[in-house]
Amino acid sequence: MSISVDQPNGRTPLIEFREVHKHFGKLHILRGVNEKIMEGEVIVILGPSGCGKSTMLRCINHLEKIDGGDLIVDGINLGDPHANVNRIRGETGMVFQQFNLFPHLSVLQNVMLAPMKVRGISKDAAREKGLKLLKRVGIEEKADAFPIQLSGGQQQRVAIARSLAMDPKIMLFDEPTSALDPEMIREVLDVMRGLAQAGMTMAIVTHEMAFAREVANRVLFIDGGKVCESGTPAEFFDNPKEERAKDFLSKILKH
Amino acid sequence: MSSTALSADPETQLPALHRAPVFTFARMFNAAGWLILGLLVYFLIIPAVRFGNWSPFGALSTWQFLWVGLQVTLFVAVFSVVISTIVGFVLALGRLSNNKLISRLSAGYIELMRALPSYLIIFYVFIVFPKIGIKLPSPWFAIIGLSLYTSAVMAEIFRAGILSVEKGQLEAAYALGLKPFDTVINIILPQALRRMVPSIVSQLITLVKDTSLASIIALQELTAAGRQLYEYYGQTAGKPIVLETLFVIASIYFVICYILALISNRLEIKG
Amino acid sequence: MILLAEANAAAPAVSDYFGSAIVEYLPYFLRGMLMTINISFWAAIVSFAIGLVVAVLRVTPSGGLKVVATAFTEFFRNTPLYVQVLVFYFGLPKLGIQLKFSFFGIEVGDSFSAGTLALGLYTGAYVAEAIRSGLLAIPRGQGEAARSLGLSVLQTLRLVVLPQAIRLVLPPLGNLYSAMLKNSALLSSIGVMDLMFQADFVNNRTFKTFEVFTSVVFFYLMLTLPMGWFVHWLEKKYNPLRAKTLRLQGARI
């Protein structure tokens, strides 16, 4: 496999989609996606529901297998059946809409589990790291609580800390605030904003347009299983080129 | 409502028609129930206690004889449970495996064993195994026979438990890079185990009861001991103790199984 | 077991190729299968009647009947079927209860009636528990609505609550009857001439142990597998949502 390095700014792409296809039974969800995500970029992925935004993220993390094309994540081609998938999963943190915290483990144990089991670090080191991360997402006082005792916003912040514990090269957010009450959305977005400012590479599927405009380096608009438009938030929101993007924005911004 | 209703005791003021009838259907039904219970006690239990030949059960030697049988029953039950749990767990993982061959083989074994009478499986082990040259003490034949069957049932219990864990849990574990084995041990089993406890215990009860099947063929366990006891008394002492012995045997099984059931209920309520 | 003597005499008649004993004795196996079906059928009727009555008694507000019904289910479910079979076959005659009788000119042997009763009562205890859980799953409002329409207690039970409960418990009942058919195998030990009995008989005649018992496995599969499919079909029909969610949520590992 070869990795192109001929980027305008000279950096290596962390993730590269090349003609990626994905089917769910008869549904053709991704129809030849081509895209590069560079290190340090914050990408917001927009598009109508069912267009394949989440699928794109889930393919990066190999929660879905791609059916065609190449998907190169940190130098490993996921289109190759012999690829070391577990390594990729360790390098890419995923935050889910439904949090998916482990209900039988305490908050701290949720964060400590993967570093201990996957990276093999000691319990003490994992605890120290876990507490540090919980502090970073502002929830260290709940370290010994169980997920069920937390609010949705708190749970999602723990989920972010849990992913960060693997020192991922990229964080994937799959509609992280969609399952939250309005008053809790802010606390999660604040944590994400902090991550972006610290230089984390992020790919975010969200409906929070104001947040997208503020935080993103680049906005991808997906429709019909393809990337229709890609540009800075300013270009995209103020002056969309594609008809479908205009249509989408007019519907969204009315609310 | 008239002003009389305001007086201290309104019920005495109401016309007789409005009083609740003394002989309601529910009350008569309830009374009939207690009457039936009384009749059962009077005509069944009291004569059984008075006219039964309970004297052999006053002797220590009788209980020692039964205790030897009970030990075999418990030995077979405990070893069968341990073996079936381990094998059942492996079979469940096999059936859920992405490897088609392993999955089909496990499913085939599970479905075959679940479709056969456990008596037939035990019989098969006792009769066919020695013919093909496998020689073991008879408790081990019983353990093999019971485990062949019980492991298949355990596998299905484990599988249902694993499948009952939400898919998001699995995705979160995979997204963190946990390997399938670590995911099962650290994420799925702790959540599934609590849900599986009632089914596992009820299978355990079935297992304890099914040990008696081996006595039909060759195993010297509790039921066999009981049978020998009443056959011996029937030949020597005269007054038969068939029902008395069977009642005692049944009660021993009952105590074991009922305690297991109570433990299961306790765990279920906690969970 | 008197047949054993003549059995040995007949043994050399069996020519010696694999499966020959099975072909030669096929009528015995078929007769055994019919007996297995026959005794399972009667035990099913006994168990359903018992189970229905006991389930209703357990949810009624009558204290005495509740005690009787609870004692029945707990005792029969927590003791081995084989011990119960011994009670009915060897125990009851000691009380002077005769199990051999003739019913409209049909002779019913003592092993058959003892077997039917034991299997029926044992299974009935489980049927009672299944129906009871179904009754408890019906929302209280159903019964209250029926009573407020003027239906009597029994009408409410018969027309509103029981039909819903039975539908709910059909799949578990199917499983119970499938288990009952398998349990009937041990009745061969008291001389019910079912499939298991015939297998033992043919084995003693031919000494083709491996062939005989392996083919009996197939004969039992012919009875139990269709029952299993039927239960599966019931499950899909009456609980499609559960089956579907299980399939959807079921992540493979």
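The chains carry the letters A, B and C, assigned in the order they are written, with residues numbered from 1 in each.
Simple rule for what comes next: a contact is a pair of C-beta atoms (placed from the backbone, for glycine too) under 8 Å apart; a residue touches a chain by one contact, two chains touch by 3 or more.
Remember, it's a predicted structure, so these values are computed and weren't measured experimentally.
Of all chains, C has its CA centroid at the greatest distance from the CA centroid of chain A. Averaging Cα coordinates per chain and for the whole protein, the chain whose average falls nearest the overall one is B. No other two chains have as many C-beta pairs in contact as B-C. One finds 49 Å separating the Cα centroids of chain A and chain B.
The geometric centre of chain B is 17 Å away from that of chain C, both derived from CA atoms. Note: centroid distance chain A to chain C, computed from Cα atoms, is 56 Å.
Across the assembly, chain B contributes 166, 171 as residues in contact with two or more other chains. The residues of chain C lying in touch with chain B in their complex are 57, 60-68, 74-75, 77-84, 86-87, 90-91, 94-95, 153, 182-186, 189, 196, 203, 209-210, 213-214, 216-217, 220-221, 224-225, 228, 246, 248-253. Interface residues of chain B, counted against chain A in their complex, comprise 166, 168-169, 171-179, 182, 186-187, 190-191.
Looking at the complex, you find that chain B touches chain C at residues 25-26, 29-30, 32-38, 40, 93, 96-98, 111-112, 114-120, 123-124, 127-128, 131-132, 162-167, 170-171, 180, 183-184, 188, 205, 209-213, 215-216, 223, 226-227, 230, 240, 242-243, 246, 249-250, 253-254, 257-258, 261. Against chain B, in their complex, chain A makes its touches with residues 61-63, 86-87, 89-90, 92-94, 96, 98, 100-105, 113-114, 117-118, 159, 162-163, 166.
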